[in-house]
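Two complexes are shown next, each including subunit A; its partner changes from subunit B in the first to subunit C in the second.
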Partner chain A sequence: MRTESQQAASEAGRQFGSGAIGTSMSLVLPMVSAIVVGLIWFGVVALFDIPKYILPSPETVVASMFENRSALFNEAQATGLIAITGLALSVAFGVPLGFVIARYKPLRRVLMPPIVAIQSIPKVALAPLFVAWLGFGAAPKLIITTLVTFFPLTLATIVGVESITVTTSQLARSIGCRSFGLVRYIWFPSAAPYIAAAFRTAATLAVVGTLVAEFVGSAEGLGNLLLIASGNRDTTLAFAAILVVAALGMVFYGGASLIARGATARLGSEYMRSKTT
Partner chain B sequence: MAIIAGLLRRMLVITVTIALVGLVWWAATSIWDVPTYLIPPPSEVWTALTTSSSFFLTNARVTATEILLGLAVATGAAVAWAALIVSVDIVRKAVFPLMVVAQSAPKEALAPIFIIWWGFSATPKIVMASLIAFFPILVATVVGLERFTREQQLLASSMGAGPLRRFFSFRIWVALPSFLSGIRLGVTLAAIGAVLGEYLGSDKGLGYMIVTSARQLNGGFLYGALISLMIMCWAMVRAVDVAELLLLRGTRAGKGF
Partner chain C sequence: MSRQIQSVPPDVRAPVGVPISIQGVGHSYVTNEGRRVEALKEVDLEIAAGEFVVFLGPSGCGKSTLLLTVAGLLKPTTGRVRLGDHEVRRPYTDLGIVFQDPTLLEWRTALRNIMMQAEVRRMDKEKARARALELMESTKLGGFEDSYPSGLSGGMKQRVAICRALLHDPPLLLMDEPFAALDALTRDQMGIDLQALWLNDQKTVIFVTHSITEAVFLADRIVVFSPRPGRVLVDLPVDLARPRKLDDQKTPEFLDRVDKITKLLRNEGVLQE
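What follows is the complex of A and B.
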């Protein structure tokens, strides 16, 4: 059920985000809107004389970003490292698990309902539990990030494998495609677009998951910096950190899109080659 | 009848699963002598839940109110924007791509700022919940409304429906399945927003119970609050499923897209 709307979202992204308007516009539009938001922000602060601890003006935020650039960079690195590791763990275990579940029908009947049910549970809410178990180190953050990104990937893999038509798998079987070959040349290429879409979503979820875990219990990372800044009522630094989080999110989304596109294209061509030989 | 049988079977599966999880949990805590603040035995959680049931209920009500208000605000705003986006071409071209992009922005980072602005009240939680839930609902609603085909529009017109009638009696129903899956995502996201807000600054709610009992290493309360939260979210998502079943009863859309 949830994958339907994920699909719908990516459908919308294709239709409106790039297809209908063009890739150059999809880059220009966010920039234009960022400038517009910046101008409104600037105008509001100047016009209504808002105190700095409530809403600092954009130029002081940028100045604070520059002033604290080494701290922000270090914390962004700490957050990014956890997010990447968690995402990598999810891909390494979530996708194969999806294939295994899709392969064995009894397993699917047992495991699918809990996996779908888990999707409707706010998993980041478990962060305090893991912090109580494992302390302020990297482990609880890693667990939360993996937990948040794991199930979308597994579910997408299963849905992807299930999208294979009966005729395709019958054809594959009739030309002697078995176990490994079936996975490599039929399942993987068919599931790849689904996995790619989930991977892009998971990349941004990874940043959010790490951030929330850092909010709950951490001695480092952007989340920790944000909490300290807001605790000190240093709203300027907090906004600087938020901008860095947004940038990190964009880097993750962009990177994941590139990786996903590369992997799908490569597997797609392999798929074509395997069909012609 | 088939639906009832299916429901009964599902209930059975759920009961068996819960019983199994409880059994493994109980066995694990009694065999390995884990500290109770890490993993309390199920009995301790049960005791906490039953002896302080009114405390749990009060806090659950606070969180539920925040989630539902956040969801209501998000849905209202999303539907208004979606109607605007599908009916005004310029808005669609200028705004909708941005909304799709904004969907993947880490909005949770704003939570500490909201706490600075509005303190320990319910406002920052509701704002956070609605902010996170808004974008997926909007995208799902727009996608649903876009599913209204030219043929369907012509059919409606041939029955003498004007623009308003076409929208309210036809287009809304075409959009409903996609809209409801947006709501389903939105429920979980609103819960994340509300609980995150409570984690960062609050004096009541399940999120408040979770962080304080985690800090005080009170296993019974921590697990009790977590389980209450999970059950509450699950029930809310299920309520959307039931609404879908009732609203789309007997239609082709009721069996999926």
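What follows is the complex of A and C.
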């Protein structure tokens, strides 16, 4: 049975077009904006007769993408793999860290200053050090990617746990929740909307982090390809690589949204939306 | 996950409350400026099994503090609490607790909020579910099993909270101003319904309120607290016949008790005219 307010809410949803029209528009609108950007780009290059090594026209970039499709695909795969692994490490490390910091208040004073300090150092500055210490392999890239992405997850977890009211904690304790029960029944569900939002942010940051690491020390990946293309003054290939990076970022964002939705399906989409937008 | 408390199936345990012994329980704390503030003077109270006791007093008199101490959720500065032959040292789990804020988990439906009790206590799922549905039916929540808290009225949320507190059929029910946030009509109805629930199996109940009428309507016994630092002003039995009806609130016996408490609090500087 539905209550009046639920009915009112779903009617409001219908009015503002979350139905079939909304779904098809959500596909059409991004395509329209992509086409508009392409047209402006094309127009500017043609109108001002800009040389190819400064700004290649969109159709030559697309042609270059097609020509170098296997290289771009392979490099994208290499970048994607590091980014996914780094993101997974971030979740595995950042979320529990948030729970621990939220649970043991004094730890906050101990751990937060170094965490914030690391956060404020540009990772580009750290990347050469990790390469010097760990070599050209996956390790320095994974560390950079994890460093770039864990902070929003940790912070979101802390905020989520701190949103729990005193009476909720008291209720949980009088029911008999202890340690893992508390995390399972109260902490995780309370923090989930915040963590899900941070996870989407972290997913796009993961691509950026991996790219930064590849700039500094890598024999593969889109970052490396971008570096080579720039070195060869192949602006067209550089643009092609940049477009692939952008596409990879979008795939990561979309994928993260799907994963977050799947992992929290039991909590109800209305609740997940109620805390963040 | 650590093994939770051993819960006796509801149908095995005899439906009687637990006696409570509050022995010299006092609360004081030190402020940031280093001043020692007494919130609750040492209180001694003996509550019999199955008694419906109301703690009545102005805000900040320490009545909620005392309730949380009985639940083992607050550690007293002095004294101790015994529930039956058990001394309370940590959160006591063989009880049901209802706060002013319904404290429902937003991500769970009404039924699953109640069933949370069963999940944590590892009760038999099917039996617990049957009891939850029965409780919902008897508290007029039938049909709202799958509603989320955001879709329920204040009174309904509090009913869900009461069902959750009763699911495991605890011998003790603690209620901390449970109806204070509800409108007057809902509040009267909740009082009537609570009385009916309690008459069913006579658990020991501690009910905290600052409404004198509500106290006289519900209680077997009213413990009136002074303003801060709280101390027991009077321990007043209410021997009016049950089930009490709303109209009983107009009888001389009822009004006499309300009057008595009002005068008492007025002498303490509460309710100045």
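Points worth noting:
Everything below uses one rule, namely that the second predicted complex is superposed on the first by the 227 of 277 C-alpha atoms of A that agree within 3 Å, B and C clash if a C-alpha of one lies under 4 Å from a C-alpha of the other, contacts with A are read in each partner's own complex, and residues count from 1 in each chain.
Operating definition for what follows: a residue touches a chain if its C-beta (ideal position, glycine included) is under 8 Å from a C-beta of that chain, and two chains touch if they have at least 3 such contacts.
Computed from a predicted model, the values in this text were never measured in an experiment.
In the superposed model, A:P189 makes contact with subunit C only, not with subunit B. Once the two complexes are laid over each other on the shared chain, residue contacts for A:I175 go to subunit C alone; subunit B is not touched.
Greater residue coverage of subunit A by touch, when subunit B is weighed against subunit C, goes to B.
In the overlay built on the shared chain, the residue A:L87 is in contact with neither subunit B nor subunit C. Using the contact criterion defined above for the overlaid structures, shared-chain residue A:V131 touches subunit B, although it does not reach subunit C. Judged by the touch definition given at the top, the superposed model places A:L142 against neither subunit B nor subunit C. In the superposition on chain A, A:V161 makes contact with neither subunit B nor subunit C. By the touch criterion defined above, A:A197 reaches neither subunit B nor subunit C. Residues common to the contacts of subunit A with subunit B and with subunit C across the two structures: 1-2, 5.
Residues of subunit A that touch subunit C in their complex: 1-3, 5-6, 165, 167-168, 170-171, 173-181, 184-186, 189, 192, 266-268, 270-271, 274. Residue ranges of subunit B in contact with subunit A, taken from their complex: 10, 13-14, 17, 37-38, 92-94, 96-98, 100-101, 103-106, 108-113, 115-117, 136, 139-140, 142-144, 146, 178, 181-182, 184-185, 187-188, 191-192, 195-196, 199-200, 207, 210-211, 214-215, 217, 222, 226, 229-230, 233-234, 237, 241, 256-257. Interface of subunit C with subunit A (complex): residues 1-2, 4-5, 68, 71-73, 91-93, 95, 97, 99, 101, 103, 105-107, 116-117, 119-121, 143-144, 146-148, 150-152. Touching subunit B in their complex are the following residues of subunit A: 1-2, 4-5, 8-9, 11-13, 15-17, 20-21, 25-26, 29-30, 33, 53-54, 113-114, 117, 119-122, 124-129, 131-133, 200-201, 204, 207-208, 211-212, 215-216, 222-223, 226-227, 229-230, 233, 235, 238-239, 241-242, 245-246, 248-250, 253.
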